[in-house]
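In the two complexes below, chain A is the common chain; its partner is chain B in one and chain C in the other.
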Partner chain A sequence: MSFRRHPVAGALALVVIGYLWIPILAVAVNSFNRSSLMVRWGGSTAHWYSLAFHDHNVRAGLVTTLEIAIGSTLLSLVIAVSGSLWWRRASPRARAVYDALVYARIVLPEVVFATALFFLFLKSHFPLGIVAIIIGHSVWNSAYAAVIIQARLIGLDPAVEEAASDLGATPWRVFRRVTFAALLPAIIASGLLTFTFSFDDVVTSYFLGGNSSSPLPIVLFGMIRFRITPEINAIGVMVMLFTVTLMCAAVAVFAIMGGARRGRRGAFAEFYGQ
Partner chain B sequence: MTGDATVQLRQVEKRFGDLIAVRSLDLQVAAGEFFSIIGPSGCGKTTTLRMIAGFERPTAGLIEIVGRDVTHLPPYRRPVNTVFQSYALFPHLDVLENVAFGLREARTPRAELRRRVGEAISLVQLDGREQARPKQLSGGQQQRVALARALVNRPEVLLLDEPLGALDLKLRKEMQTQLKDLQREVGITFIYVTHDQEEAFSMSDRVAVMEQGLLEQVGRPEEVYRRPATPFVADFVGLANRLSGRLVGPTSGDRYEVEIEGIGRRLADGPPGLAAGTPVTVVIRPEDLHVEPAGDSASDAVATAGSVAATVVDVAFLGAHRTVRLNAGSLGQLNAVGRGQAMVAPEDTVRLSWKDDDAWVVPAASG
Partner chain C sequence: MDDDLAGGEGSIVVAEPASASRVRIPDRLIARRHRILAGLLVAPTAGWTLVFFVAPLILITVFSFASENLVTFNVSFGWTASNYGAFGGSLYLWTLLRSVGLSLGTTLGCAVLGLPLAYFITRQRPGVQRILLACVIVPFWTSFLVRTYSWVNLLQSGGPLDRLAQGLTGHRFEVLYTPTSIAIGIVYSYLPLMVLPIYVALERVNPDLYDVAADLGARPWRQFRRVVLPLARPGLIAGIIIVGVPAMGEYVIPEILGGGKTLMIGNIIVSEFLDVGNYPFGSALAVSLMTILMIMLFALRRVQPALEAR
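Moving on, here comes the complex of A and B:
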């Protein structure tokens, strides 16, 4: 492709990359800025990290966020795995309905679900808070997980499960040794994705959190309204590092589980290639 | 044979909604036998195999394996193992673990498991590939893993569903020989499903021919070929020249006199008990049809009454033999195959003849 060597194409790529990465870079740089107004460089300091680390609200927010992310991930995976297994054996019409419900949860604006759930919980006197947020996040998270797990399930030849049964495995053993084992990479991948989505969600958390529970993004949102300091940048950088580490861990796990014996190309390509 | 039948099907029927996939099927497979079920796609052969394996429950009838009624047992409680058409290897397990799967499920002691898995892998000549994943193997190797994975459990019966279907022709021929040798070596009863009649003939002790859910004929390959029970079998099993006629009557034993349309009265063999007046089809295999140039006076003298005039349409040279396509007027198109066929060329006028022994009478298809 001669197109690839065109100078304009290269320049355009640089602009796009710059557009995406420069703000993130600015956040990272300013997290070390001694000047609290961040209008110019006032020398470097780790003060903001120490401040963020010892900030009571931030710590509480982080704990809440982790609780919500873990809870929502687990709930979403249970819904997605069991739903996908049903979907696989359902009639074509039932499948179409199921698919429509999954895609609706991805396509419809988050605000709509958040508002609807808010009123539902209010009417049914369900307390707002962590549990409400977990349910709210699982509405769309389970849909993302379902799409990834279904894609993997389509690739699984039903004859493989018949073979396991033929070789003496009871239905439960077939599920454990074959179906679940084959789905595991997809389960890990979607678990990671849903964890990340839940981790940085604002809208649903804002509607369903009530007064008592504020996850990290809501805490940050509150802080910004008073004053913007490099402390927020420091928190952002730490969250970013955390997420990236998580991603690397997942790829590593995947490499050990499935890709390791398939040569160097394996892990990364397979993780993203499914 | 009933005494040591490994697999016995009694009046087995399978319906899928309105569709009858298999109807009133009676079948007995003897211990140590290489038994094939052949037929066109949709004839019910795979459904039959799946019922023996336990993946499908019969709508009616009884299935016994080594004298035990297994009709309502799930697959994991049956003493049979299957080699699937798609191989169905476990993609997340290596060759060793694929082969060990059944023994692990049976909680086989560690030392015995290792020994038997090693033996099975050697049996299919995959030593050194134990750590490979199915994806890294060629089609032929995957096929052998599937075989080892089934055989390692020492089943009473091994079920094979078109196991060579995905391989190319040369490998297919090779695997046929290996499969036959393997079966002789392990002495396990094989039930083999294929749509390829040649493949079934080359390996099997006995062959069952199915069509539209019905069993048409069971017998040794030669029997099925030389003495087909129905016009369908005659057609499905190799090439057949079919002549319509009417039975005049039996002459002696299984020899009949037949009035063949456009030819006249001839003698032919057939199954015992056919009534005079029955509409029949006379089957003559292409290799039994002799082609001679019509002008040859020496041959003319020998040419029996009842020989047929025909025109050569086409001659195809196939290495070991040649195929001659003929137009025999009202009798339609006929085929002759052989090495000794006289040298003829397209548009030659020839005379066709055959021995009475080589003509076989089949009751004509009623529907």
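Moving on, here comes the complex of A and C:
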């Protein structure tokens, strides 16, 4: 019997995919559930959505989250793009150090990093708040962006740039019209990815937010811990729709803007260090 | 893992001879210009990483050897190891052991669930592969907090899974706010991070290889053990690192699914910093966690080439 259609593998795959999706479906169903205990179905209602819509904390949190996500994404892109361009021509030793630091920023548990940065800000009297959160997010976000952009750079043949230069293009023009143009899909994709990560972050924001600014995940975290309400499900559904739309846009951009196969697969491969 | 990157094909020599001869600028000046450019390019990432990543980690390492007077909050440096001693002799050691156990257990769980799924996906037609991959990745993009919270509803007593278990087996399934519910939450959240690298590793395999094994008479289980597993190994190890290391410092999942009763080391670190304010002790906990993880990482890096050589 061929293992390809082996019933055990197929059944297991279906169960695992179900495991991944059931909680999401439960959130979606409960967001319309009239029963606030969420144990049984109590008829449908849109009450939780209107509650979420008019919740002042949620609205303020959303604005704060968007400010943080946009700020940290732009910052991360500047760091990652310039770093990757340097990395391309650096010596093997310098590259090894750079790669180790990128890798460390991705795998170090966020709790350790967030406490350490919190402590640094505390000791240097740097005010906690939106700016502190943006700095914190950009530290790990720039590492994710760097991995994706580097994967794209590896796929870019230097001969193309040499050809442009031979044909009389100035170095700046070569960069703008060849290098940057080739990197653009990776920049857009990693920008959207880092935006989503920032949008979803709890731990770093929890430490660096101080008392004043609470982004949406922190507002939700507080709600989850102190008062269980189906309003969370309604907010959750809206947040999910938003991030999924963004990520689909990221994938579409990557796929449409050419070189997608090598780019995306390369990004996976680089990310997982193979 | 980084060796690949370091020797990548993107490395080129600094000055292109063609442009140099055309513009006729002395090589020395070009080299200098390139050095300045390289300095400008590396400055943001170097500065940012050193100031906001390396420096804080050094700071907590230094502070973990300091001692704090809990009445006056004066910190004095005597290079004392007492923070580590207090840690070793306390209840916290159990929390640390629980974290290590949960990290190992959930990593194993992710591998057991992820490997067959990744293999199954690579064996489908390209179109089906893409749909299945989306099924794995899309949940990972949606709000982590809300997905974790959803398990509170699913696992609560009298909830859907409890009733299902009662209907099927007659036993109750009350695991909310126990290590089991934390494990379910962690495996759930980290599973895509295990499936993707294994998928990448297996996707490169020529499918004929499986047919050869089957033609030579290998039964499905033997095919899996002797062909699929060795081919999946690089991806599996990458997945183990990317799941096991962050899972050990998990804070949010035990906070929500542990109900404040069952804690992991991440929760203790947070409360030492934000609630108690004993920074030297909190630092010692964070540094211990980091040290354990580094030891595990180095062990895995040593194992990897040995396994690949086989």
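Simple rule for what comes next: the second predicted complex is superposed on the first by the 248 of 274 C-alpha atoms of A that agree within 3 Å, B and C clash if a C-alpha of one lies under 4 Å from a C-alpha of the other, contacts with A are read in each partner's own complex, and residues count from 1 in each chain.
One rule holds for everything that comes next: a residue touches a chain if its C-beta (ideal position, glycine included) is under 8 Å from a C-beta of that chain, and two chains touch if they have at least 3 such contacts.
Please read all numbers here as calculations on a predicted model, not as lab measurements.
Undergrad: Pick one for A:L167: touches chain B only (first), chain C only (second), both, or neither.
TA: first
Undergrad: After superposition on the shared chain, which partner residues are touched by A:I224: those of chain B (first), chain C (second), both, or neither?
TA: second
Undergrad: Going by the touch definition up top, name the partner, chain B or chain C, that contacts more of chain A.
TA: Comparing touch counts on chain A for chain B and chain C gives C.
Undergrad: Figure out whether A:V178 sits in contact with chain B (first) or chain C (second), or with both, or with neither.
TA: first
Undergrad: Can you list the residues of chain A that meet both chain B and chain C?
TA: Touching chain B and chain C on chain A: residues 162, 165-166.
Undergrad: Would you pull the chain A residues touching chain B in the complex into a rising list?
TA: Residues 157, 159-160, 162-170, 173, 177-178, 181-182, 184, 258, 261-262 of chain A touch chain B in their complex.
Undergrad: For the complex, give me every residue of chain B touching chain A.
TA: Those in contact with chain A are residues 53-55, 74-76, 80-82, 84-86, 88-92, 94, 101-102, 105-106, 131, 133, 135-136, 149-150, 153.
Undergrad: So in the complex, the part of chain C that touches chain A is made up of which residues?
TA: Interface residues on the chain C side: 1-2, 4-12, 14, 16, 18-19, 22, 34, 38, 40-46, 48-49, 52-57, 59-60, 63, 113-114, 116-117, 119-121, 123, 132, 135-136, 138-139, 141-147, 149-154, 156, 158-160, 188, 191-192, 196-197, 200-201, 203, 210-211, 214, 220, 223-224, 228, 234-235, 238-239, 241-242, 245-246, 248-252, 255-256, 266, 269-270, 273-274, 279, 282-283, 286, 289-290, 293, 297.
Undergrad: Can you tell me which positions in chain A touch chain C when the two form their complex?
TA: It comes out as residues 1-4, 6, 8-10, 12-13, 16-17, 19-24, 26-27, 30, 38-39, 78-80, 82-83, 85-86, 88-90, 92, 95-96, 98-101, 103-113, 115-120, 123, 135-136, 138-139, 142, 146, 150, 153-154, 156, 158, 162, 165-166, 171, 196, 200, 202-203, 206-207, 217, 220-221, 224-225, 228, 232-233, 235-236, 239-240, 243-244, 247, 265, 268-270, 272-274.
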